[in-house]
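In the two complexes below, chain A is the common chain; its partner is chain B in one and chain C in the other.
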Partner chain A sequence: MRIDQSHRPWAVATVSILLVALLAYIPYQLFYPGGPAGNTWPGLCYGVLGYGMMLFAGLLGARKRVPLWRIGRAQVWMRGHLWLGALSLPILLLHAGFRARGPLTLVLAILLTVVVLSGITGALLQHFIPKRMTQVVHLETIYEQIPHVREMLFEEAGAIVDSLCAVPANLPAVASHSTPAAVAVAEDSPSDLTEVQRANLLHVYRSGMVPFLRDPEGNRSSPLSSRAKASAWFDALRRQSPPSVHEALSDLESIFEEERQLIIQRKLYLLLHGWLLVHVPLSVTLLVLGGIHAFVAIHY
Partner chain B sequence: MKTLELTIDDKPVTVEEGTSVFDAARLHGIAIPVLCHAQNERPIGVCRVCTVDCGDKVLQASCVRPAENGMKVFTASDKVKKHRRMILELLLSDHPSPCARQRVSGDCELETQAAAEGIVAPRFSKRVSPRGQDDSSLVISVDHEACILCDRCIRGCDEIRQNNVLGRGGKGYNAGIAFDLNRPMGNSSCVSCGECMVSCPTGALTNKSVVRTVLPGGDPVGVEELKTLPFFQKVSGTFLDLNKNAVIRRHFKAGEVICREGDYGSTAFYILEGEVEVFLSSMSSKKETAKEAPSLFEMFAHVFSPKKKPGSPAQNGGNIPIDSVVDLSLDNPVARLGQGDIFGEMTCMNLYPRSATVRAKTDCVMLEMLRNVLDVIQRNKTLRAEIEKNYRKRALEDHLRTVSVFSSLSPEFIENLSRRVELVRYSRGEVLCRQGETARYFFLVRIGFVKMVEEHAGGDLVLAYQGKGGHFGEIGLILRGTYAFTVTALDNVEVVRIDAEAFQEMLAGFPDIAFNLKKVATERELHNQRHSAAVSAMSLEKFLGQGLMEANSLLVIDLEKCTRCDQCVRACSDAHEGVTRLVREGLRFDKYLVPTSCRHCRDPLCMIGCPVGAIRRRNSLETVIEDWCVGCGLCARNCPFGNITMHAVPETGAPKAALAKRKATSCDLCQNLPEPSCVYACPHDAAKRVDPNDFFRDLISPSIDSGPFAAPDVPHGGRR
Partner chain C sequence: MARIRTTKNLGQRVDRTYLKRLYPIPLWRRILTVAGVLVALLWLGIYAVARNQTPYTSGALTPAHAFLGKKCAVCHGDSAGIGKKVDDRQCAACHDGPVHQASATFNPACVSCHVEHRGDVRLSAGIDAGCLQCHANLHTKTGVPAVAAKIDSFANHPEFAKKASSKDATGLRFNHQKHVGELSQKCADCHAPAETAQPASQHLSKGGGRVSSHALITIPTYAGVCLPCHALTIDDKLTELAPHDKPEVVHPFVQAQFTQYIAAHPGDLGKDGAPGSAKAWVDFKVAAAEKKLLEETCTRCHTFTAPQGFATAAVTPTAIPARWFTKGSFDHSAHKELTCASCHAKAATSTVAADVLLPGIGVCRQCHAAGSASAGASCSTCHIYHDWSKEKPVEGKYVIDQVSRLNP
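What follows is the complex of A and B.
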């Protein structure tokens, strides 16, 4: 979620709660017999407040599973998740009196810190990456569709090369023309290449284009993985070809541009959501252990 | 009369001289198959299916071969059968099988005859260059693919009805029937009499009847009864018969509301008896909305760039244009309509909201009609003349006075002018005047919307849109001599056209009007120049190119906020039994994604042609698809944005029940919920439902509803 002006009320509320908690902590620290601890009444209050905030933050996941329930707009829950989740760390530190008194509380303190820090990292990533993705990936598609789009690009490139070489039967390495779109491309395209030029195009297609199209992420050393290098590569190809096929070569070039954009999209997408692999399981663990801690502390 | 004796299939027959072999056979009970010949039309012998052996060197087309004394005719010899079969095969190879008619009623003459000859599939390959379809008429669907060039429709139109609209166009493989000079049927001078359709032996011309659509609450009106009414006397009986449910009679008690402003509808009303009053209910309750106190920055900005308040209706003219033959006076916004008047044309033709509330003043009887009927009426020359006459008599003066520069015209001049103006209709996409052409007319918009475009080498720049009350042509007539921009109809448009001579007379006779018009023309000219220099043409063109202007409610996703979590899609899917009506993919406008989701267009093309009226508006802007959708997919094909999807419906109920296997779905804005689910479920505040013209105003700059082109600031259909 983008942190902008609209977050001001939440930020003000969070800072206010934190200030009140800190102000209340001063007399508690100075005058409470035995000093601050989790098992004192003020400490318990901090604990309940902090755990409540953690619980609310954790409920966002459950809220997302019932998008139709009219229990508050999802963005309100998200704002609550961000600000109250972040606030839970100082409140629970106040609850513990800035000390871990046993292995479970130590684990909880570490977990809470990691969860909050991973959350802040995630918030920062979600603040900056969508804008970056919008700017650099113009040909964005739905993430789950990327393999399918790549398959289509591969077929389209094969069809263009086939149409340029105009001997599809002799091209075992070239993609099949099974899709109607590919057939249409093949039928509509010109073929003014000489035998030598055809052989050359087939060679660069098989040795340069196909490996990149088949595994774009694994062929980082290919000249086609960089826009500047690919442009020079295609310029060289154009110089060796008659003008009538330049348009088809430009189409091929645009296919590789789309491939490169898909690589960037995938990378950014993984960055945008990858942190959740840390944040979510640790949050669940934290909530469960926090619950155990509360039960044990109160019961015994 | 001399008689002739001949034998047909060894049967002696006697006929009058001049009788064709075909008629001779028919009169004696011998049937000869034929396609291009109908009893009520002149035979021309183009299809050659009626080929017979008359003992000549070659086989003859019996419909044009005169009978002769002593002639021996064989209609079903092996030779004849072989040739006839070949002809049918050739025709069938150039005909989609089954065609629309065969699919619906199973009586395509070509396919029936081919089946009788045992032809399952022709041996010849189909044509490679398709001839296409023409769906522009509201009444008749034209499938050039199914046409066998028999010319029966042409003879029906030109010789029987003498409308002279249909003819032949193109050559060789491109030959086909053509309306006027090969215009789309809907844009041609066709009066939709239906003669071509009933003449057609195949599915090339079929009726777009509104089957199963029954306007609720009224009494059905029979064709015979309709034909007794002057308004319908000139309408084709064939057409009325095919569209029985498209006109109903309604009775209203005095005081009853007939239609309410702001409501969406798709019908027009013709007053048979009684009187109604037309008024704007919002006028009496209109209050200035309290505005938020300006910020310090706004106050500071105001000091340096004070913005004028938009002119009030009173400043822009004394009348409020509404969807009727009369306009409403601003001082007393109530008008009366009586017997023979028609109202609701714009709502009916363009599916715009009702522009005013109409209430029965006395007990009333009126006919409510769907747009295909109104279209036929408006195309009929006699009825059109009557509508024009009414308009000149009752509304021209009001209409002219809605334009502030004409407020001082004398009644005598308007009387004189009313004889010289003409009401002209334009269909969507038609050009009213073209930039650079000699200016010959001044235009006043009466119905619909037009787009004013300045053509540049790098692309077109939209200057403004004009609705009812808008005018143009004065720059050409006063300043340049040629039109300054190209004006195109955005929907079904009707304009009042004043020719240059009458316009110049007006300028000479009314110096104050001349002065005002010159001022307007100069202001517009300056505005054009500033606009050309200042507006980001790319944004605007993109805005228009993506059709965003058309949207009533547009789903946009702020890509700088969206984390691509797809919660919106999931929510949509959950809200609609697992069938999502939103695909998070589409065109971008600035930093916004316009995903694939219904835009609830102002002019919903998807509604045109739905055979069961399942896609429609209730009394709000949402376009909904009702449960009785038959899954024909026409709406999905019509939607220019691909926002309607067809999905499979699990077959339930009795196994033999004729259930639709597919249904159309589109976003219904989650009408049962207070907010669309996609927007409600977006955790990042990225998804929004917006009015694009407001939302993107800053991006598309000052082109819409502002500047000297702005139409009078009056309520139009309750929605601005």
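What follows is the complex of A and C.
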């Protein structure tokens, strides 16, 4: 979610609540017998407010699980999650009087800090990375489909090479053509390559292209992992081939460009969603421990 | 044929079953979420099985209460609930807390002054806010506070009562200037170092405040301080000195001394204008000696009313207090690094014993001011809330096994 002008009401409300809480804290700090602590009435008020904000922020997960629930717009929930979640940290610091003296309260303070900081990191990543993704990954696909798409690109590349090397009937096919694109390529297979050129292309395919297509992220040293090097690599192939196969070679080159973009997309995706591996588990743990802390603290 | 990305092409590439599978990030998110909650519950569960409530403490207990740290209910009771504080009865199970003042309009709860769970602090000291509940705007049952009605900090504390009075009625004559200035005596020559223990009775102030046995300066006594220079010589013929006592005790002593002397030296009868009979000689000598005592020796320090002679003279009672701060608990031993004159500057120029030589509160404030570098400016630095003169002994109720079971 981009943090833009539409967040202004939430930002104003958050800053206003924080200012009121800070102003109320001043006389509380100066005059309350024994000083600020979580078990005083003002401290309990801060605690209930802060835990309420945490709960609201946590309910975003439930809201996402049941998108058909018509309890407010998803956008409102997301903005509330961002701003109230961030606000819960200072409010709960006021609740605790800026101290964490017990083991459970210390764990809660650490969890809350990590959760809020990871959330802020996530919000910044969500703000910048989608735009970056649009700029550098023109051939973006559904993230979960990337392994499947890679299999199809591998087949398509094999079909193109098959079509270029298919004249001798006794030459084995380099790939089985199960995908529509690969079948289409295999059926349209004119080739003016000499036997030497075919053998050369097959060698290049097996030793250069296949390893990269099989494990694009594990072959960083391959010339095909860089657009400039790949371009030079394919230019050299074109120079050794008749013009009639140049278009097929350009198709092959475009397959490798798509592979490279999938690498970038995967990296950006991991960056965009990886922080959730910290944020979500710790948030749930925080809510559970926070509930236990509230129960025990109120009881005693 | 050139590769063209059409919607159809892209659509044909999609594996439509992908939504049914969990991919790494969502899968690990779930695994870590469950693991995080389980680890947290396991942590608390281990303590719960051991019946140990340490994780829930809101802070470390003072060392004296540390053995109670695993059982919240020992202090908090079983009837704890929202907004409920530790009941005074829980404290009274082990501690006596004598009342502060009979005229106080209410007795605050123990925990409003003695705030636990703050680590290794002096819990008995209480907190200023506890005192300020009343003393910031004091009202009493009698309607007339015996102390200043509005004290909200040491900066606003009134001048010490003894200092505020202009003269001190000691009943003595003493010239500090002569002794310290002209004779170059040191303070410690007369005022015994604070290390000398005081009688136990002096450890309680009028307000019941306890002070350390090394807190006070001893009261100078004649025998301990004055005698070497100010001997109570009766007569050149006698080797015995007069006792430092009331005239009715001194008079028979002097009579007995002269009677013994003339019995041993009958040749002195009639000499130097003295009477010739023993009884008249004794009366003559006693009268002369007592006149000298009354007009020269004793009068150096004491004042008398003696309308019918020495034997019936009334000495003005002396009143050097053992404790000058009767409502506070000043500790000289805590200030022994300072020179005497740094606080008692006027001692070197004082010529009469009635001068009040206590330092004013301004001297204290030079070190005991608010701020991080302060030597302490809280109420409990000088005052003690409970009137320990009314302390009731607490009878022990526990045996070691019971106590050790609280902290297995």
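Please note the rule applied: the second predicted complex is superposed on the first by the 288 of 300 C-alpha atoms of A that agree within 3 Å, B and C clash if a C-alpha of one lies under 4 Å from a C-alpha of the other, contacts with A are read in each partner's own complex, and residues count from 1 in each chain.
The working rule: a residue touches a chain if its C-beta (ideal position, glycine included) is under 8 Å from a C-beta of that chain, and two chains touch if they have at least 3 such contacts.
Computed from a predicted model, the values in this text were never measured in an experiment.
Q: In the superposition on chain A, see if there is space for chain B and chain C together, and answer fit or clash.
A: Taken together on chain A, chain C would fit alongside chain B, as the superposition shows.
Q: Looking at A:Q75, would you say it contacts chain B, chain C, both, or neither? Reply first, second, both or neither.
A: first
Q: A:Q126 in the overlay: touching chain B, chain C, both, or neither? Say first, second, both or neither.
A: The first partner, chain B, only.
Q: Classify the contacts of A:Q240 with the two partner chains as first (chain B alone), second (chain C alone), both, or neither.
A: Touch partners of A:Q240: none, neither chain B nor chain C.
Q: Which partner chains sit in contact with A:Y32 here, chain B, chain C, both or neither? Use first/second/both/neither.
A: Touch partner of A:Y32: chain C, not chain B.
Q: Give one of first, second, both or neither to describe whether A:I142 is in contact with chain B, with chain C, with both, or with none.
A: A:I142 sits against chain B and chain C alike.
Q: Applying the document's definition of touching, compare chain B and chain C: which contacts more of chain A?
A: Comparing chain B with chain C, the partner touching more chain A residues is C.
Q: Going by the contact rule set out at the top, does A:M152 touch chain B (first), chain C (second), both, or neither?
A: second
Q: If you stack the two complexes on chain A, which partner ends up touching A:R101: first (chain B), second (chain C), both, or neither?
A: Only chain C; A:R101 stays clear of chain B.
Q: How wide is the angle at the Cα centre of chain A, looking out to the Cα centres of chain B and chain C, in steps of 10 degrees?
A: After fitting both complexes on chain A, the angle is 140 degrees.
Q: Which partner chains sit in contact with A:L289 here, chain B, chain C, both or neither? Use first/second/both/neither.
A: Once the two structures are laid over each other on A, A:L289 reaches chain C alone.
Q: Can you report the least C-alpha distance between chain B and chain C in the superposed arrangement, rounded to whole Å?
A: 6
Q: Would you tell me the residues on chain A in contact with chain B in one complex that are also in contact with chain C in the other?
A: 141-143, 273
Q: Flag every residue of chain A that touches chain B in the complex, lowest number first.
A: Touch residues, chain A against chain B: 1-2, 6, 60, 64, 67-68, 70, 73-75, 77-78, 126, 129-131, 133-134, 138, 141-143, 269, 272-273.
Q: What does chain C use to touch chain A in their complex?
A: Spelled out, the residues of chain C in touch with chain A are 1-3, 5, 9-10, 12-15, 18-19, 21, 23, 25, 28-29, 32-33, 35-37, 39-41, 44, 54-60, 72, 76, 80-83, 112-113, 115, 117-119, 127, 129-130, 132-133.
Q: Can you name the residues of chain A that touch chain C in the complex?
A: 31-35, 37-39, 41, 44, 99, 101-105, 107, 139, 141-145, 148-149, 152, 156, 179-181, 184-185, 188, 247, 250-251, 254-255, 270, 273-274, 276-277, 280-282, 284-285, 288-289, 292-293, 296-300
Q: Once bound in the complex, which stretches of chain B touch chain A?
A: For this pair, the touching residues of chain B are 559-567, 570-571, 574-575, 583-585, 588, 591, 673-674, 677, 680-685.
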